[in-house]
Amino acid sequence: MSDVPMFRKVLIANRGEIALRMARACRELGIRTVAVYSTEDRDSAVVSYADEAVHIGPGPAKRSYLSIPAIIEAARLTGADAIHPGYGFLSENPDFAEVCQQEGIVFIGPPAEVIAALGDKCAARRLMAEAGLPILPGSHGPVRSAEEALETARRIGYPVIVKAAAGGGGRGMRVVYQDGELVSTVNNLYGEAQTLFGDARLYVERYVASTRHIEVQILCDSYGNGVHLGVRDCSVQRRHQKLLEESPAPRLSQSVIDRMGAASVAGARAIGYVGAGTFEFLVDGTDDFFFMEANCRIQVEHPVTEMVTGIDLGQEQLRIAAGGRLGIEQADVVNRGAAIECRINVEDPDRGFAPAPGRIEIFEVPSGPFVRVDTHGYPGYRMPAIYDPLLAKIITWAPDRDQAIARMQRALTEFRATGPGIRTTAGFLLGVLDSAEFRSGTHDTGLVGRLLDEPAAAGGTPVAGGTAVAGGTAVAGGTTVAGGGSTPATAAIQRAPAPLGS
Amino acid sequence: MSDVPMFRKVLIANRGEIALRMARACRELGIRTVAVYSTEDRDSAVVSYADEAVHIGPGPAKRSYLSIPAIIEAARLTGADAIHPGYGFLSENPDFAEVCQQEGIVFIGPPAEVIAALGDKCAARRLMAEAGLPILPGSHGPVRSAEEALETARRIGYPVIVKAAAGGGGRGMRVVYQDGELVSTVNNLYGEAQTLFGDARLYVERYVASTRHIEVQILCDSYGNGVHLGVRDCSVQRRHQKLLEESPAPRLSQSVIDRMGAASVAGARAIGYVGAGTFEFLVDGTDDFFFMEANCRIQVEHPVTEMVTGIDLGQEQLRIAAGGRLGIEQADVVNRGAAIECRINVEDPDRGFAPAPGRIEIFEVPSGPFVRVDTHGYPGYRMPAIYDPLLAKIITWAPDRDQAIARMQRALTEFRATGPGIRTTAGFLLGVLDSAEFRSGTHDTGLVGRLLDEPAAAGGTPVAGGTAVAGGTAVAGGTTVAGGGSTPATAAIQRAPAPLGS
Amino acid sequence: MTQNLAARNDPYSEPFPGAESAAAADLALVRQHAVELLAQLGRPPRNLHLQAGEASVDITWDEPGSPEPADRTLLTEVRAVEVRTSEAGQPPAADLAQAYLTSPGVGVFYHSREPGAAPFVSVGSLVQPGQQIGIIEAMKLMIPVEADRTGRICQVVKGNGEPVEYAEPLFALEPEEG
Amino acid sequence: MTQNLAARNDPYSEPFPGAESAAAADLALVRQHAVELLAQLGRPPRNLHLQAGEASVDITWDEPGSPEPADRTLLTEVRAVEVRTSEAGQPPAADLAQAYLTSPGVGVFYHSREPGAAPFVSVGSLVQPGQQIGIIEAMKLMIPVEADRTGRICQVVKGNGEPVEYAEPLFALEPEEG
């Protein structure tokens, strides 16, 4: 990065580990920080870590982390010159990005128009197809009737998936296996999409059963420069919830990675993308890949990319938003070794991953060589029940995947979070690491379902969406955002495992 | 590394952070671990971390961590097939290495003969000169009389330093500025060396006032293969105690690094070195460098090398000792970015770095992107007064030195260790990071003295030695070891700053 | 800055080791509640009985004794909470609700409808639930602030034109009987 | 040694010594809770009752006891030592010094000078300071073990040929009055 004026003070419009992570990035760049918090989060780590903290509302996110007026006022009152939205909450809300601009506050993310365009799955599909990205066969835009859907399905072949243009994260989607089901499904889904998202538009795509979820991290500055930082494999999911991510994707050839990366940068340039972003692809076991959607925020799993590239994505977001030029070209990006992230959620794997929050009495995190922990937890921290269950991200790096796995096993055994009612996913993740399928890198998004012997999430189930990183129920029903609340829609239904035996 | 039989069970004959660090390396390699502990250390972290733990003696190191019979018996009783000696204590004791061999237990380190040869500073100097390493002008072996010393001094020019062959770490050394002082100094030092080390041999070398302490990390297998992993700059020292280390060395050209590295590997091969080792050099501000001594152990500061190379030195030690071949050649070693280590000692910088141990009530360590912490501390841990004051090592990495410094500043502000009587060096280290001299990378070993406005340690003061990593007073007077106890002698007196104004 | 504690057995947060059976776990809980309750009690008691299922704690004292709890762990915890709230510059939430009318949002607080106009309320004013007591300007919108209960204003805490956070005290209120 | 080394790394197992049955385990826990609770209470009570399932502890004091609670640091230390030694399957250190003759080193413990020979001591033996009570073999050296005080052997804790760690009990000793 060349020398540019840097922000003086940044407000972090988020909570949990990502708020702390961004406060660290700011501190390393000499930027003062403003934390905002709900009453529920008054004892949170970032409140004491930040230089200033503003109480913006009560626990429910709608009145705090999703309240545009509260956050804008907090920024004005503290004199913050930029807002980092984190992930979830307002991070992909084009209205919020626009309000920031109107108020003369820099929104750290892509322009509002870009967020709006990419938030509309139908538009994103069309735009990226125009930019040359491979997409799954399907309708050329919304299908205006059940008959048009039928034509499309017959043209591309069954099974197909019918999706709401404004949907995401597993909501507003159905898999259809034959003509007979299609008309009624489409007609029902029109109503559902209108009700859920206020937008009845639907489109039809080929459905692929066994798939991997691979995403490309990109960085673009506001001068038209862009690079990709390689891929992440996020196929270890339970009902569209990512549990473990890694970089690079195992058994994916460098030439495929290069092609996906180049396609992503081309797509980002075509749409005028600025900042850090993610292009999601469906990979079906061959060397083919298909664009699914683009995410306009920092991702929960960004650390694995940081570990293999050495590039601090949080800092890069700040530099780019402050008007900096990308200091690197594609040839400068060298991916070294392998990194894995395990998400430690306060959930009980023995009870269907039911939320298991509470007061954490003992909290011990791993450390030592090549282990990184991003967490807002501390001994005595009361994990709120009304937000996301993510307590900690444990990241390990090693020269190769096998060693990164061994290191993660070591790290997970060092992790401890206990307290009345507290359960975590740490033990379950050890089981994933132990599974032959994962170790061989041959797994797809059906792995967790098979390990749990759970019926896979079928097309029609409205499952809580995507990474569901921030807010959980609080996020649903947020402010007027393309995509229905600000729920990040990182997992499209095609990546849901097919019913066992199908 | 190619596939080789790995140890089944390793006994770690050490304490503190390095014992935990090696237990982690073992766990990642699937090796069972045996911790040994003194009564003083019965609540230490590694005792609960290891698979087994054996109480080997009371607090004083002479009866526990320096007791060869206690450690050998512990290994035999637990069926350990190898012993890792850590640093300090028995790590550079050739007798111990030999006893291990006799007992059929693998000593994880170089062969006993190599340790013995390198422990004799006079022999090491001769051997390395023969191997082509540049050495400071001086006597060709021990000086047999004050007259011979006088001849040597006149030949090489004043100031000179007179050193005990068996000395190290600042003990048994005198700087002499003119003929008049030399004869009496030499005669006094003969007696002192005999008393301190049981070895009266002395040698004479040119004394260089403003110097940097640069060391090369090497790795050699038992098949004659060797690589170097770049350099560490350890010039931030107070009275031969390293406080902060970094890699690479600032303002040292790559060609000098390459030459130092190649010379070190040549020296190591010449002497039949096996394992991880360090070659120390004096660098005098020009591009010249001079071999000082070689250390036959893992160093406290090894993590900075790990962070820039991605190579786990602890694991490599284990693999090499188990008979593995080096899996890398010199061309495979790529040093990326910059890493800094800060040693957090329980010492009070406001009281001349007096020991400030006690019970740690609040213990918070930094985490997040590119921050590593190696520590045996935990909330409630009672830091013993009779051992080394090292509580934690904080290591940061970044693409360049400036960013690594900024990250270290962030990390140090996150560190907290409080309790009755507890003081740490964290705040002082922030001051070092802030100093213009350090930031510009133009500092030498006199930096800390200048910052503290302390009279620099003059040649004659018998200061506690080197990294003084393990045992402190307990180490002094250990078992029969070349070098007088097992005190590691990482800092030779030439690196002591000259008296101010001289 | 209490995040990210590394390492092991924190004796402060592990006061009840070895909770192996359900009953033992219950006892640990009962005990913790007993200690916390003692710290919360204004006056030292003579008898204390806590029971949860099969676990119970009973303590009897001779004299009420000194009111200060000796447990340092407890003190530390309590102090931590105090520090935290004082860091946020606010009195404890429980007091707030009772003694103050607080801000319903973030913005700039105004005492009157427009510059120069009479304030909605002042010291001595009797307020009723739903009565407007001020305005908060947020994103150029003027949002009326209303009293949520009956009482008499006894102090103006937040000045006209001052910025306020959510839940900050605006006015101190004396409860008004009948 | 073998049993001492077992299950080192289980963070959840911190049982009291001899916690073999469930009831015994519960009792040990209740006892531990009682001790810890007493340390936390600022004022010494007259009665204390703790119950967990079928296990309970009742204590009554005549006097509330010394008004100042024992030094907390000390209590913590003692507790820490107790926990640790119980992990190692050993009686508390304070008891050790009084009740046991312990090993001065690591090695294999022998009762007699050579196989078949009479043991140096056995149950009922009266020992004097400096009297040899066994041998520890370490690195093929035979190191005599001596009693450090007067007493009568009441139990042989460590069998002939068994491995021992430093400070492990070898024999239980009854103090012998003049």
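For reference, chains read A, B, C and D in written order, and residue numbers begin at 1 within each chain.
Basically, a contact is a pair of C-beta atoms (placed from the backbone, for glycine too) under 8 Å apart; a residue touches a chain by one contact, two chains touch by 3 or more.
In this text the structure is predicted, and so the values were computed from the model without any measurement.
Novice: Return the chains shared as contacts by subunit B and subunit C, ordered by label.
Specialist: Common contact partners of subunit B and subunit C, which must touch each of the two, are A, D.
Novice: Based on CA centres, what chain would you say lies at the far end from subunit B?
Specialist: Result for the farthest chain: C.
Novice: Which chain pair is joined by more contacting C-beta pairs, B-D or A-C?
Specialist: Of A-C and B-D, more C-beta pairs in contact link A-C.
Novice: Return the distance between the CA-based centres of subunit A and subunit C, expressed in whole Å.
Specialist: About 36 Å separates the centre of subunit A from that of subunit C.
Novice: Where the centres are mean C-alpha positions, what is the separation of subunit A from subunit D, in Å?
Specialist: 55
Novice: Please report how many Å separate the Cα centroid of subunit C from that of subunit D, as a whole number.
Specialist: The answer is 47 Å.
Novice: Could you please state the distance in Å, as a whole number, between where the Cα atoms of subunit B are centred and where those of subunit D are centred?
Specialist: Their C-alpha centroids are separated by 40 Å.
Novice: Find every residue in subunit D that makes contact with two or more other chains and list them.
Specialist: 11, 76, 80
Novice: What positions in subunit A touch 2 or more of the other chains?
Specialist: 20, 364-365, 367, 373, 375, 378-379
Novice: Looking at the complex, which residues from subunit B come into contact with subunit D?
Specialist: Touch residues, subunit B against subunit D: 39, 42-43, 47-58, 64, 68-70, 72-74, 77-78, 99, 103, 359, 382, 420.
Novice: For subunit A, which residues count as touching subunit B in their complex?
Specialist: For subunit A paired with subunit B, touching residues are 20-21, 24-25, 27-30, 303, 306, 310-312, 314, 334, 336-337, 364-365, 367-375, 378-379, 397-399, 403, 406-407, 409-410, 413.
Novice: Write out the stretch or stretches of subunit D touching subunit B in their complex.
Specialist: These residues of subunit D touch subunit B: 1, 5, 8-9, 11, 73, 76, 80-81, 84, 88, 105-108, 138-139, 141, 163, 165-168.
Novice: What does subunit C use to touch subunit D in their complex?
Specialist: Result: residues 9, 11, 15-24, 26-28, 31, 34-35, 38, 44, 54-63, 65-66, 68-74 of subunit C touch subunit D.
Novice: Give the list of subunit D residues in touch with subunit C in this complex.
Specialist: Subunit D reaches subunit C through residues 11-16, 22, 25-26, 28-30, 32-33, 36-37, 39-43, 45-55, 64, 69, 72, 76, 80, 83.
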